[in-house]
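What follows is chain A paired twice: with chain B in the first complex and chain C in the second.
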Partner chain A sequence: MILPTEINVLDISAAILLVATFGLIVRRGFSNWVHAYRYQTIVLAGIVALIALITDIWELYIVSALTFGIKAIVIPKILFYVTKKLDSPIKLETNPYISMKLSVIVSALLVAMSYFIFLQLNIESNEIIQVFLPVSFSLFFIGLFVIISRRKALNQMVGLLTIENGLFLFAVSLTHGFSLIIEIGLMADILLGVIISSILLFRMSKTFDSIDIKNLESLRDD
Partner chain B sequence: MDELSFTGIIFGISQVLLLVSLSPLIVGIMRKTKAKSQKRIGSPIIQPYFDIIKLLRKDEVISEQSSWIFRCTPWINFVTAVSVAFFIPVSLIYSPFGVVGDILLVVGLFGLGKFFTILAGLDVASSFGGLGSSREIMFSALVEPALFITIFVIAIFYGGTNISTIVSSANEISFLAAPGVLFALIAFFIILMAETGKLPFDNQSTHLELTMIHEATILEYSGKSLALIEWSQAIKQIILLTLFVNIFIPWGIADSFSWSQIGFGVLLVIVKIISLGILIAFIEIRIAKWRLFRVVDLIAISIASSMIGVIFFFI
Partner chain C sequence: MFSELFSSLESLLILALILTPIISGLLVTFLKRKKIIEAVTVFSSFLILIEGLVLINSILEYKTISVFNGIFYVDSLSGIIIITISLVGFLSSLYSVNYMGRQYDKLIIDESKLVRYYQGFNMFLFTMLLVPISNNMGIMWIAIEATTLVSVLLIMLYVKQSSIEASWKYLLIATVGLSLALFGTIFFYYVNTIDDPLGGDASGMNWTNLVENASGFDPNLVKLAFIFIIVGFGTKAGLAPMHTWLPDAHSEAPSPISALLSGVLLNCAFYGILRFHIITSNSIGSHFSNTLLIILGIVSIGIAAASIYFQKDLKRMLAFSSVEHMGIISVAIGFGSVIGIFGALLHIINHAVVKSLLFFASGSISQKYGTKLISDTRGIIQTMPITGFVFLIGGLAIIGMPPFNIFMSEFLILSSGFESENFVPSMLVILFLVIIFAGFGKHLLRMVFGSPIQSMKKEDLGILSIIPMLVLVAIIFVMGAYVPEPLQTLIEDSSQILLSGDIHN
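Moving on to the complex of A and B:
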C-alpha cells in the first residue's frame, strides 16, 4: 500500500498525537485530563490502524480496535465514574509542584530531548520508526513528568496510562506488534490496574478526605 | 512579483480600502454572534459603522494636562494600521506593495501603535490609564517572543519572512506537507486572541471594571479620537484574521492576476474571515475571563507549541 507522499499523513498524525498529549499538561480539571487521555488514545488507535495499513499486518487492525474499545471507551468510563464519585469538592489541580506555564515549557523541552535521543540511537530505521519512535519517547517522558510534578492521585494514574501509551506506540512502531495474545494480555493488565488503582483512590479519599499524594507519605504501619 | 504597474497599484489600494471598510463589519458580526448565542437580540451588524459616524460628529474633551502624545496617538494608531494593510495579500497571493515590507515590519508597526497607546494611557495620569498601560505592556512583552518564534517557524517552513513569499508557498504546499506548521497554527491562534483582546485575555465589552486592559488605556478619549482608535482596532483585527486565513488556510486564493480568479478570491477570503470571526466569537462565549496571572499559561502554551514546530522542521 503506497500512501500519497504529498500529504504527509505519518507526520501529521504524529503532530496530532503530540497536540493531544499536551492537552494533559495544559488543563487543570480532573475530567479534562480524562478527556485529554481519551483523545490521545483515539489518535493512537488511528495511528496503529495507519501502521497496519502501511505494513499490511491484519493483526494490527484487531489491536487498534482493542485499543479503541478498552483504552478509549472503557477506561475513560471508569475514570469518569471515579471523578464523579470522589468526595472532594474542588476537582481541580490547585497547586502543582511545578507551575502550569513552566510545565508546558518543560514538556516542549522534553519533546526536543526525545528527538535528540532518537538521533543518537543507532538503529536501522524506516519511515514509521523515524516518525513515531521519537513521539513515543516524548509520550513516555511527558507521562513521567506529569507523575512527578502533580499532586493529585488521579493525575498520577493518567500519567501512568500515558507512559503505557508511549510504550505501546514504541512497541508497535518498532516491531509492528507483538503476537495478538500478548497484546490482549497487556490490555487486560491495564484494565485491572486501572480498576485496582481506582479502588485505592476511593479508599484514599475516604481516609484522608483528599487525594493529595502527600498523604501517602504518612501511610505507615505503626 | 515586481508588478508596480498602474493596475497593480490601483488593485492594491482598492484591496486596502476593502479591508479598511470591512473591518467594522467583522466587529459587528462577532458582537451579533455573541448576542444571539446568549439569547439576546443584540445591536445590528452595521452598528459599529453607526458608532464611528456618531463619534466623528461629536466634540472632543481633552484634558489640559495632556501633552502632544495624547493628541497624536489616535492618528499614529490609524496610520500604522492602514499602512500595515498595504503589505497584506488579501485575494491575490502577493500584495502589489509587498516588496517594501515583510512580516517583521507588520509586527513592528503594530508595536509602534501599541507603544503610543500605552504612552497615552500614562500621559493623562488617570489611575485607570496607568493600570491599563502596565497590563498592556506586560502582555506585549510576553506575547512578542511567542509571536517571533511563531513567525520563525512559518518562515523556515515557507522560505522567507516576506508575506507574499509565505502566502504563495503556503498556497503551494500547505501544512498538509509540513506538519510543523500545525504547531505554528496553534501558537498563532493564541496570539491572535491576545492581540485582538479576546476573552481569556481581555474583555472588550466591559467598561469601568478593574479587569479591563485595552479599554483602560483609551478611557480618556472621546469624539473623533475615540472613533479613530476603535476603527484602527477593528482594522488591526481584520488584518490579523486575514493573515491567519491566508497563511494557514489559503486554498482558493488567486495565484495570478486575472479578474475572474481575483473576484472569486475576494469572495472566498471574506467568507473565510467571517467564519473565523464567528468561530472566535463562539470560543469567546464558552470561556470566562481568566485571572491576569493565569493568562501567562496560555502564552506559555503558544511558546511551547512554536518550539515544537521548530523541532519538527529539523527532523
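Moving on to the complex of A and C:
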C-alpha cells in the first residue's frame, strides 16, 4: 500500500537524481565531475533507503549504507586524490568531441528516449518501477554518452561509474536487490576497478604528459 | 556446513581448487624472492591441474555436483572449462619462469614487478576458476568482471605507451560490455522471481533454479535479456563487432598471459553465454539464440579473415585468430545439432591447446628477434630449431590442416552445418576459412622458412620454454588422431546439457 505523498517523494528523488547526473554534463573541471558523481551517489543511497522503507526489506538498508560508505565517501576520496596529484597544468575538459551545449541537448534527448523505451517494455509495473526504471536507463545512456564524447580519461571513468550507478538503480528498483553477498561482491569489483583505473591514469599522465585519450590511438591495423 | 565439508570429497575438492591460487598468491606476496615465488606458482598451478583432473573424475562419475547449499555447482560443461584453465594455467606458469626470467635479466622488469606478475598470475587463475564452479549467475558475473580487472593489471605490467593504451581500452570496453551482461542477468532474475519474490534469497539467480523455471518465463523479456547477455559476454568473449579491444590487449600482454587470455579467458566468457543459452532454449526454444549465435559468429570469422590476411604484427595476428575461433565455436553452437555441439566443445579445448602453444612460441620468437613484426621475423627454423618446429606445427594446426586436432573439430562443425541445413552460413564459414588458410599460411611459411635478415646464434631459449610447448604439441597430435575416452564422455554429457532445451520444447 503506497500513499500519494510517498509517490511524490519518489518523483522528487528521481528528479534530483537526474539533476545531479546533469552536473556531469555541464561542468568542465576535473573536480566538478567528482562532485557531481558524489551528489549523484548520495541521492542514490537515499533512494535505496526509500525503497527499503516502502518494501520493508531490511537488506536494502545495509545496501544503502554500503553505497553511501563506498561510493559516496571512499571512491570520491580516491578520485579527488587522483585529481590533485595529476600533474596536468589545466584540469579542464577543454575540447570535447561534442560541445558542452550540444551535450546538454543530447542528454535531454537520451532521457526522453529512456522514457520511451520504458513504455515499450512490457513490464508488470508498480510505482517504484514506473518512477525509477526510466531514470536508471537515463543514467546508463548518459554515462555511455560521456564515455564516447569526452576526451579526458578521468571523465570517461566517471562516465563508467555513472553507468554502474544506473545499473545499480535498475537492479534495486526492478528486483529489490539481490542477496547481500552479491552486492558486496559488486562493490568490491567497483572499488578494485576504481583503484586500477587510478593507477592507469597516473601512468598515462606520466608517459603522455596528459590524460587526453587522443594519445591512445597508436594501436591499429592499417 | 562443516559436516558437509568433511563428509564429501567433492566439496573439499572445489574448496581446494579456489583456495590453492589464493594461498599461493599470499605466499608470493610475503616471500618475494625470485626463485621461491617461481617455484610456489609452478607448484600451485600443478596442484590446481591435479585437483581439476580429480574433480573431473568425480564429474564423470556423478554427472552433477552441487555443494554448500547449491552455491557451487559443477557439471560436465563446467568440467570442460576447468580442464582448459588448469592445463593451460600449469603450462603457462612453467613457461613464465623462462619468459619472465629473461625479461628480468634484460632489466625490462625489476623484482617488485616480478612479484606483482606472480600475484596477478595466481589471482587471474582464481578468478577464472570461480567462473565455471559458481551456480549463482551474479557471482559468475562478478568473477568475470574480476578477470578483467586482474588481467588489466597484468597487461600494464610494462610501463610503455602501447600497453597503457591497450589496458585503458580493454578496461573501458570490457566493463561497459559486461555491464550490459549484468542488465541481462538482472532481467533473468526478474522474470524468475516475478511471481513469487524471494526477498533476500539468492537462489532465484541460481542457474539450476533458472533452468527449472525457464518454461514459465515471459518470452519477450527472455529474448530481450538474452540479447543483453550475448552482447555483454560476447564483448568479453571477443565476438565481432565488439572485439575491438581484443587484438590490443592480447598483443600487449606478456606472452604467458596472452596464452591465458586467448586460450582460456575467452572460453570463460563464452561459458557465460552458453549457460544463458541453455536457459533461453529451455524457455522459448533454441531457434532465437541459435540465430543470434550464428550471425555474430559469421561476422567474427569474416572480420578476423580480413585482418589476418593484411596483418603485420605476429601477436595481433594470433589475437585475430582467436576472434576467428570464438566465431567458429559460436556458429557451431548455433547450428544446434548433436555433432555440431560436440564439435564446438571439442573446439574449445583444441583451440585452447593450439593457441597457447602459438603464444608461447611467439613469446620466444619475439624475445630472440627483438621484434613482433612479421616482416622482420624470418627463418625461425634455422635460428631456433625446436621453437621453429613447434611454431610450424601450431600454425598448421590453427589453420585447420589435417591430421591435427583443429581439423577434426572443424570437420565435425562443418558437417553439422550441412546436416542441419544451414547452407549459407556453412558456405560462408568455408570461404572465410580458405582466406585465413591462405593469409595465415603465407605469413607462417615465410616466418619459418625464409632466410634470417641478420645472422643469429643457433639456439633455443632454455629448456623451461621448450617443455610446455612440446607437451602441447604432443596433445595436438594425440587429439588429432582420436579423442580419449574420458574426454569423449565428458563432451557427450555436456552436449546433452546444451541440448536439454530442445528436448523440453
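Brief remarks follow.
One rule holds in what follows: the second predicted complex is superposed on the first by the 212 of 222 C-alpha atoms of A that agree within 3 Å, B and C clash if a C-alpha of one lies under 4 Å from a C-alpha of the other, contacts with A are read in each partner's own complex, and residues count from 1 in each chain.
Heads up, the rule we're going with is that a contact is a pair of C-beta atoms (placed from the backbone, for glycine too) under 8 Å apart; a residue touches a chain by one contact, two chains touch by 3 or more.
Keep in mind that this is a model prediction, so the values were computed, not measured.
On the shared subunit chain A, the superposed partners chain B and chain C are arranged side by side without overlap. Once the two complexes are overlaid on the shared chain, A:Pro134 sits against chain B while remaining clear of chain C.
In the superposed model, A:Ile73 lies in contact with neither chain B nor chain C. Once the two structures are overlaid, the count of chain A residues touched is higher for C than for its counterpart among chain B and chain C.
The superposed model places chain B and chain C at 160 degrees from each other around the C-alpha centre of chain A, with the value given to the nearest 10. Touch criterion met: A:Ser107 reaches chain B, while chain C stays clear of it.
Of the two partner chains, chain C is the only one that A:Asp189 touches; chain B does not reach it.
In the superposed model, A:Ala15 makes contact with chain B only, not with chain C. Touch criterion not met for A:Ile98: it reaches neither chain B nor chain C.
Between chain B and chain C, the smallest C-alpha to C-alpha distance in the superposed model amounts to 22 Å.
Counting contacts by the rule stated earlier, no residue of chain A appears in both its interface with chain B and its interface with chain C. Residue ranges of chain B in contact with chain A, taken from their complex: 176-180, 182-183, 186, 294, 296-297, 299-301, 303-305, 307-308, 311-312, 314-315.
Interface residues of chain A, counted against chain B in their complex, comprise 6-8, 11-12, 14-16, 18-19, 22, 26, 100-102, 104-105, 107-109, 111-112, 115, 130, 134.
Across the complex, chain C is touched by residues 57, 59, 121-124, 140, 144, 147, 153, 156, 160, 163-164, 167, 170-171, 174-182, 185-186, 188-189, 192-193, 196-197, 199-200, 203-204, 206-208, 213, 215-219, 221 of chain A. Residues 136, 138-139, 142, 145-146, 149, 152-153, 156, 159-162, 164-169, 171-172, 175-176, 179, 182-183, 186, 189-190, 193-194, 197, 199-202, 205, 218, 220-221, 224, 247-248, 251-252, 307, 310-312, 316 of chain C are the ones touching chain A in the complex.
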